[in-house]
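Each chain carries a letter (A, B, C, D, E and F) given by its place in the written order, and its residues are counted from 1.
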Amino acid sequence: LPGGGAPGYGMQDPHAQFAAAEQELEMITDMFTRLGEACQKKCILQRYSEEDLTKGESVCLDRCVSKFFQVNKEVSEKLTKLSQAN
Amino acid sequence: MFGGYQPSFEQQRMQALVEQKQMKDFMRLYSTLVSRCFDDCVHDFNSKVLSENETSCVNKCTLKFMKMNERIGQRFAEENQKLMEEQAKQSR
Amino acid sequence: LPGGGAPGYGMQDPHAQFAAAEQELEMITDMFTRLGEACQKKCILQRYSEEDLTKGESVCLDRCVSKFFQVNKEVSEKLTKLSQAN
Amino acid sequence: MFGGYQPSFEQQRMQALVEQKQMKDFMRLYSTLVSRCFDDCVHDFNSKVLSENETSCVNKCTLKFMKMNERIGQRFAEENQKLMEEQAKQSR
Amino acid sequence: MFGGYQPSFEQQRMQALVEQKQMKDFMRLYSTLVSRCFDDCVHDFNSKVLSENETSCVNKCTLKFMKMNERIGQRFAEENQKLMEEQAKQSR
Amino acid sequence: LPGGGAPGYGMQDPHAQFAAAEQELEMITDMFTRLGEACQKKCILQRYSEEDLTKGESVCLDRCVSKFFQVNKEVSEKLTKLSQAN
């Protein structure tokens, strides 16, 4: 394991591979957590008068997730353009 | 991909990573849930014991939070799937 | 180290053991951080007119910690019931 | 428990883990403290130097935060102890 | 310093650590940016598609956030540099 | 790597070295994140009417960073004094 015939600590070796996979998982989780916080804030107003999601809350949550992904896409494209301009 | 390593060994390790991550996510979800329901349901500090109203609020809050989380999780998975398919198409 | 006679990467091997211990520590720390934030918000109103905790703030903090643990217990029991129902 | 490993070696490693964690917790506490006292005490950006009032507020804020943290820490430890004893009782 | 290890090997490892950290920081920055611009620009859930106004707001928000971040980053680096020089002076 | 002639897991060995370096990076990053949040809150009021930082916002950000570091210094000195008093 590290050392021996291993190629060092560049992106090729398994340690770096795991680190990269871990970071991608981390990224997705982080996004999911933030999306949850954002959509709860936007959609769950009358919080705990009942234990079920109301029809309105459910529809709002669905649209909220959809719009969150669109914002993600806009930001991603904008940053790509910025990095190409530099 | 992993020259010199047995795939099965690496796969085991990757799976352990995913399991650790899931456990960690669940714990994060759990502590978010506790602190949110505490924040929203407990306002009176003239007593050190939860009142009936507070307890009932915490229970509803827990259920509502889990249902919300489940619904968002489904939509998130769908949208994430779409996103990956688009990216796969673009990289061809 | 991994390999040799080690049993792989299941919950039996030391790597997983450490990971589990680390996560438990992580969990307790996270709870403590959140409790601190929650109880500061609930109990420390007139913040920095003096450097000592007032009697009122101290009593409020004690009750706040107690109630936070009770909420923790309620949530935990509720989730256990839910998972058994499924 | 750790077949083939010397316990003392594993214990050392576990202890290093706990020490790392404590250092990390202290750092988190520290940066929480700085950002909270900044948030609550600094409101004027017509100057780039802390005023006397701001400095005094930061000092009180630091002391109050540490005292609050100590008190909560004691109660937390007590409640956590109770919780563990209950769980130990139930698992018997 | 690292008895028995080749410095170059350790340096490689340290560099990998720094690169991982940078990637992690960028990802944190990115998700902060997305959630902040979502929070500040999207308020209407009568539709599941971003309106033109919302899209325009998100674009301005992104640019403003990046510029703010760059400026803060420069000042942060300068102040951090000063701090390190002071600490180096004191430890002599 | 661990074992062999390595000196165990005290602060001397490379694992602990990396952990310490990682923590210092972590600390600086955490501070930077918090500073960014704090100064955005304090200085960026009229958020997205235009994409450039106004002159006022820019000056405010500069002073905000400066003051944040001063608060950091005050807190650090106070805690040092406290730990010496005990």
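Here, a contact is a pair of C-beta atoms (placed from the backbone, for glycine too) under 8 Å apart; a residue touches a chain by one contact, two chains touch by 3 or more.
Since the structure is predicted, the reported quantities are computational estimates derived from the model, not experimental observations.
Engineer: Touching both chain D and chain E: give me those chains, sorted by label.
Structural biologist: Where chain D and chain E share a partner, that partner set is F.
Engineer: Please indicate which chain is farthest from chain E, where distance is taken between mean Cα coordinates of the chains.
Structural biologist: Chain C.
Engineer: Using C-alpha centres only, name the chain that sits farthest from chain B.
Structural biologist: F
Engineer: Centroid of chain A to centroid of chain F, CA atoms only: how many Å?
Structural biologist: Here chain A and chain F have centroids separated by 24 Å.
Engineer: Averaging only over C-alpha atoms, locate the centres of chain C and chain E and give their separation in whole Å.
Structural biologist: 28
Engineer: How many angstrom lie between the centres of chain A and chain B, each centre taken as the mean Cα position?
Structural biologist: Once rounded, the distance between the two centres reads 12 Å.
Engineer: Residue numbers in chain B touching 2 or more other chains?
Structural biologist: 13, 28, 41, 59, 63
Engineer: Hey, what residues on chain C touch two or more of the other chains?
Structural biologist: 1-3, 26, 35, 62, 66
Engineer: If we count contacts the way the header does, which residues on chain A are in touch with chain E in the complex?
Structural biologist: Touching chain E: residues 3, 8-10, 15-16, 19, 23, 26-27, 30-31, 34-35, 37-38, 41-43, 59-60, 62-64, 66-68, 70-72, 74-75, 78-79, 82 of chain A.
Engineer: So in the complex, the part of chain F that touches chain E is made up of which residues?
Structural biologist: 5-7, 14, 17-18, 21-22, 25-26, 28-29, 32-33, 35-36, 39-40, 44, 47-53, 57-58, 61-62, 65-66, 69, 73
Engineer: Show which residues of chain D lie in contact with chain C when the two form their complex.
Structural biologist: Within the complex, chain D touches chain C at residues 1-2, 4-5, 10, 13-14, 17-18, 21, 25, 28, 32, 40-41, 57, 59-61, 63-64, 67-69, 71-73, 75-76, 79-80, 83.
Engineer: Please name which positions on chain E make contact with chain A in the complex.
Structural biologist: 9, 12-13, 15-16, 20, 23-24, 27-28, 30-31, 33-35, 37-39, 41-43, 45-50, 54-55, 58-59, 62-63, 66
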